[in-house]
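Going in written order, the chains are labelled A, B, C, D, E and F, and every chain counts its residues from 1.
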C-alpha cells in the first residue's frame, strides 16, 4: 500500500493554496520520551518517494532517548508537508507497539530469561506488515503471521472430525507430513491438554486457563520433555508477569497491537537561503 | 487491499493438512456485548470472494445487543476457516471504533445536542478506509480524511511565510479561491485565535488550550457570529464532556482509532448432512 | 497506474528489433506555443523509473513560452524511446487542460477578480489524478473530487425523501453534523433556490438556468449575505464571460477536461561520443 | 483501476449524511440522442461490484436511438448514488468516442468501402483500455496499442543509425526476424517514402504530407503492389474525407480520443414498496 | 495478478474481428492422460470473472483418469475464447507439477511411508502461488515459502559471524527466541553436520553430499533422537528413490517446478439454439 | 508484481534472528557455464529497491562465459540476504530460457539463415513478462503475446461460423479491417491449408502435420508467393532441425518456457572494515 498517497491523495490543498509549496525548509523528527524505534525503514521509503534529502540518526530496534533526533529531511515545503503526518504517524504507531512489546519482554525475563513473548495474527486488518515488524523491533516474535506459516489446531477444526479414532489418524498424518514444523494445539482444559500431549503435540497453547489447570499443563512437561506450554487469552502489560512466574515457555498476546502510540516531536523550519536548483 | 489474502496467504496449512477442507459446516457471528456494528460490509465482500452462502441479520450502524446474531455463513470447512479470523477481526476492530465513537457522541450530546465529534487523519497507516467508515458508523464525522479534502493551516505552514502582510495576502487569496470550503486554522493561544478571527477564518481549531484561553476563543463567537470553535489535542472518553460543557462547536480527536476491539463470538459447526454438489 | 508500462508493455519491438537500444542520446521537450505547464511532475517520475539523467527547466504551473525548453533527458536510446510518447502525451494533455483552465480564469476575472472557476468530478474515468492536478496548475479549483470530499444535494437525493417536513429535518441534521463543510444544493429553478436559501444552504448550484432565474437567485444574496451562487451546466470558453457578468460567485464546469492537448515539440538526438559505462 | 472507488472513495458523504442510503429505488440510463454504445461492459462490472440487480437492454457496438433505454438497475439508494455518475461518465465518454469513430468510418467509406480508420497510441494517459475499446466499438481499429504490438520506425529511430548501409542491414534484419508482422515506416517526404518502398516496407505512414507528395506515395503502389499507404497527422472529422478521396488505404488519427462525450439521460426513482430483505 | 487480463489484454482481436463474439457455445476441459488435478480453483475464479455458467466435475488434488471431464462452461464465444488458453494453461502447468510431485511421493513411500517430499522456494519468480498450491495438491509440502515462514541457516549467514563462540551464542539465542519453529542448518559435510548436531539443531539439510557423508549424518540420529535429516541438491524423479533408501527423513527438491505440463484436451462447441437473453 | 516481496514477505526471520542484518558485505553473481544472459534488468530494479550499491559487468542478451562476473552488490547483510535467492532465481530461469532459445536459433540457422524461432503465448501463467523478455534476449521472437496483438484463427473459431459462404465473408472483412496485421490461420491438414491459401491468408500455421502434408503446404508458396508457412506443435531442441530442413519460414514452439534454469554461482562475503554511515 502507498501510505503517502493514502494521506495526501491528489493534492495538498492547504500548502498549494497558500502558494508556499516551492519554498525550502527542513523537518526534524525527535523522540519525546524514551522509545524503542520502529517504522523508520518505511519512512525512509517515503523520503525516497518524495525525492527528499535526508539523514538517518537512529535505526529501527534501537532505544532512542527523549529528545534525541531520529531523522532530518530537507527539501521543498510541498514535499515536507506531504510527508509530515504520515511519517510521524508511522513512527508513533510502530514505536508504540515496539516499546510496549519491549516492556512485556523486560517484565517476563526478570522471572525467566528464556521465556518468549509472541503476538497473534489478530493485527488490525490491512496493517499486518507494520504491526509485525514493530513487534519484532520490540524484541517479540510473531506466533503466526497467518494461516500459511504455521500449524495450529483449534477446537473449531475438531468440529469436522467425527471421533477420536479419526482424529488420531489425521493428527499423526499431519505431524508426519509437516515434519519441518512444530504442531500446536489450542486447548482450554487440562483434559484436552493431557490428551494431545499423549498424541505427541509439540506445543500446547492454553487458552484462558485458570492457574490450576495451567499448572497441570506445565507439569505435563515432566512426562513429555520436548513439550512446550504456551499461555494465551487476555494477556497484557498488567498480568503478563503472572504467567511468567507460573513457568510457561511462551506467552501469546495481541496486546501490543493496541499499544498507545509513542510521541514523536516534529519541527518544520523554513530555510530562506535555499534556491531551487534547476529552475530558471 | 485484499484482507482475506493478507491472513490466508497461499494455503491454510492446518485445515488442508488435517484433510477436512471439503467437509461442510456453518459459521455464526454474534455480539458478546452491546455494540454499534461496523465492518460488516467488508465481511460481506469476503463472503462473496469465498463463494459462501450467507445471511445478514444486522447492518452497519445498527445497535446490536449482546447475544444477537449478526451473520451466518455456510459452506466448506476450508472456506469457513479461511474467512473466520479476518472476518472476526474486522468486526471486532471496526465495531470497537464505532462503539467508542458512539459513546463520545452520547456523552457530549447530553450537554449540547448540536456538538459534533470528529476524528483526525491520524488513523493507523494503511487502515484509513476501515477506520473512517467505523467512525461514521458510530455517529462521528471525519474532520479531514487527508490533505486533499479540507483546508487546515498549521503553525508549520506559517513558518514559510515571512510576515503578517504576506500572510494576510495569502490567507485572503486562499479564502477567495477555496470559496466552497471552510478555512480552518489551528491555534494554540487566544492571541493567535483572535488574530485569525479578525482575518475571517471559518473555524478555529484550538490545540491543547487551557480552559481560560479556550473560553476566550469561544467568546470570539460573539464578535464573529459565523465563527466555529473546535477543541483538539488529547481528547478522549474520560475528558470529552469537559469540552462539551465549555461550549465548543466541535471536538476533534484521534481516540476512537485506539478503541478496544469489541468482542464478537464465533461458532463453527459441522453439518454432516451436506454433500458437495458438483463432485463425483 | 504505471503509465510507462501502459504504453511500453513488455518490450519496445521496434527499437530492440533495430538493435539500437544500447546507443546513447538525448531527448528534448519544448513548448510549441505559449502554455501553462502541467504534468511535468509525472514525467519526472518516469525519468526516475527509467534511470535517466535529466534536467528540469520549468515547473508545473509556470507559463512556458513558445520554443522554451521544458526538460532534457540523457541515456540509452532504448530508455529514451520508451519514455518519449507517454511523456509527451502527459505534458500535452495536462498542459492543454491547464492552459484552457487558465484562459477561463483570465476571462472571468476581467469582470470579477473574486470569481472562482471550479471543475466537476466528470473527468475521464481513470484519469482523475492527472486531470485534477492540471486544473489546479491552471489556476482553477476542483469543485468536488468525488463523493467523499464534499456535500452536494441533487434532486436525485430528494427522490428518497417523502415530504418537506422530512426534508427539513434531514437537511438540518446534515448541516449540524457536517459543520466543517459548506452544504451545496443543486437547483434548477428560482423556487427551489429560494426554498433552500430559506433553509440555510451555503451554496446554491444553479443548473442550466436562464438568465432571469439566475439573476433572481443572485438577488437572494441580499437576503442571505453568506449565500454563494454557483452557475453550472454547459459552461465553456465561449460562454463563461456571460456568467461572470451576471454576478455569480463561482462557475462549475467540466469543459477543461475536454481541452485540446497542447503541442509539445520533442527532439531526439544521438550522441555517438558516449559509452556504456559498465559494459565490457 | 477501480473506477467506482476513484469516484466514491471511502464514503458518499451526502447520501449517508441525509440518512437515505438504505432506501430503495431504481436508476435508468437512456440515450439522449442517437449513439453508438460503448462502455456498457465496464458499467456491468460496476453493477456486479455494487451487488445491484440490473437488466441490460443494449450491447456495446449497437446503435441506440434517442430515448431508448440502455440499462436499469435496482437496489438501495446508497448503491445507486455511488454508481450513478461514474457509470454515466463511462457511457458518455466511451459512447462519445465510439460515435465519433463511427462517423469517421461512415464518411470515408462513401468514397472507398475498404478504407480503414485507425487510432494512434496517443490516448489520455491511464485511459488506454476504455479508449481503445470505444474505438473498436465504433468500427475503427487500433493502429498500435503501444510499443509491444507493432513495428513502426520513426525518423527518431534513424537518428541512432549512422548511414544507409547500416540502415539497410538493420531494416532487412528487422523484416526477417519479425516476419509475422508488417513493417511500417513513418515518412514525411516522397523521397523517404520511395526509399523505404525500395527496401520492401509493408506500410508507409505519411505524416502531414501535402496532397502532391501523398499522391506520389500512393502512386508507389503501382510499383510495389503489396505496399499500403497510410495518412496521418491532423486528421479529424472535418478533413478525413479528403484523405479518403486521395486513395490511401488507411487513415491514422487521434481525434476520436478527444470526441465530445455523448449525452446519457439518467433518472433515479424511489420505490417505497420495497423492503430490506435481511434486516430485522 | 489478473491472469485473464495477462493473456487477453484490452481485446481479443480475432474473435471480435470475425464478429462471432456474441454467438453461444460451450467449452469442455478433459484430461488426456491420468493426472493429479491442480489449478482448477483458479480457473473457477476466471469463470466467475467472465460471468460464465459452469459445472465442476472434479476437484483439485483428485486423480483424474484419461478422458474424464473436468469442467464445462457455457456462454458467449467472446468469453469462451478469452478464457480458453489461460485456463488450459493453468490446468496444464499446475497439474503437471502436481502429478510430478505425486510420482515423487509414490516412489519414496515404497521405501519409507513416513518420508516427506518438500519443495524449495526456487519457484519461477512471480509464480509462487500457483506452484506452491500445485505441490500441495500433489501430496508434497513446501519446505519454505520464503524468508518469512521458516528458519534456515546457510553457510552464507555464517560469513557474517566472526568465530565459533559468537556463532554458538547467536545460535542459542535464535533457538531460544524462535521456540515455536524448528531450526534448520544447511551443511555440506559431516563435520559441519556433527557440529550443528551438537548445538541442538532440529533439522540438518544436507546439500549435495556423497552417500558416505549422508549416511554419517543419518547416523547422528542415534546420538540426537529428535534430529531430522534432509537431503537436498539435484534431487529429481530419476534419483529420488536412492535418497529414500538411504534413510533420510525428508527430501527437498525444486524439480516439480520444472515438471512437464500435463495435457488437457479442450473442445469448443457452438450452440445455435441459444439466444442472448437481454438483447432486443 | 513485486518479486522481492514475494520471496521475502514481512521479514527475513533467519538473518534478523541471528542479529547479523546490520553487518556489511558483498554478493557476487557469476555464470557457472556459458550462457546467454537474461533477467539482469529485473535484478537491477531489485538492487535499486534494496538501496544497494552495485556494479553491472554484463548486459542482457550478451553471451557470458563460465566464471565471468555478472553483477556485484555491496551493502548490509540484511539487504544482501533478502535479494540473494530471488535475484539468482530470476537470472537462472531467464538465462535458461534465453540460452535454450539461442540454441534453437543456432540449430535452425545452419539450415536456413532466414528462419525464425517464435514462441507461443503458453508461458507459465503470471510469468509472461519475464518469459517473453528471455525469449527475445535469446534471439527468438514472440509469435503472439496474447489475444490483443495478433490475429490467429483457430478451428475453434470456425465452430461459430455456419458455412463456407459466411466464413469467406467474415474472413475478407477481417482481412480488410486489420490491414496493418498479417492474418494467420492454424490448420492441421493440407486441404484446409490449401483452402485458406486460396482465401489470401498471410500465414499458415501448420499444427502437428506429418512431413508429407507439411511439404504440400510449403509447396503452396509457389502458388502464393507472399504466403508464409509456420510449423508448430511439439517442436523442441531435439526435433527443430527437422522442420528447418523441410523449408518452413517460421517455427512456433513453447519449449523455451520449460528450459532448464541456467546455473548462476553466488558468493556472499562479509566486509568487517565497513561501517554504517549514519548510525551513532
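Simple rule for what comes next: contacts are C-beta pairs under 8 Å (C-beta built on N, C-alpha and C of every residue); 3 or more make two chains touch, one makes a residue touch a chain.
Keep in mind that what you see is a predicted model, and the values were worked out from it rather than measured.
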Could you run down the chains that neighbour chain B and chain E together? A, D
Which chain maximises the distance between its CA centroid and that of chain B? F
Equivalent-chain rotation between chain D and chain A, CA atoms, steps of 5 degrees: 180
Equivalent of A-B within the choices B-E, C-D or C-F, defined by over half of its residue contact pairs recurring: C-D
Same or different, please, for the chain C to chain F contact, judged on whether over half of the interface numbers appear on both copies. different
Approximate Å spacing (C-alpha centroids) for the pair chain A, chain C: 41
Using Cα averages as centroids, what's the distance between chain C and chain E in whole Å? 49
Using the average of all C-alpha atoms in each chain as its centre, how far is it in Å between chain E and chain F? 22
Check each residue of chain F and list the ones that touch at least two other chains. 9-11, 128-129, 145, 148-150, 177-178, 181
Among line, ring, star, complete and other, which best matches the way these chains touch? other
Please give all chain pairs that are in touch with each other. A-B, A-C, A-E, A-F, B-C, B-D, B-E, C-D, C-F, D-E, D-F, E-F
Parts of chain D lying in touch with chain B, wherever the complex brings them together: 9-11, 16, 22, 51, 276, 278-280
In their complex, what parts of chain D are in touch with chain F? 114, 116, 118, 141, 143, 145, 148-150, 176-182, 184, 203, 226, 228, 230, 249-250
Going by the contact rule at the top, pick out the chain E residues touching chain F in the complex. 1, 3, 6-15, 17-20, 23, 25, 42, 77, 81-82, 84-86, 89-90, 92-93, 121-130, 145-153, 156-157, 159-162, 170-171, 173-174, 177-178, 181, 258, 260-261, 266, 268-270, 272
State the interface residues of chain C toward chain A in the complex, per the touch definition above. 48, 55-59, 128-129, 132-133, 136, 145
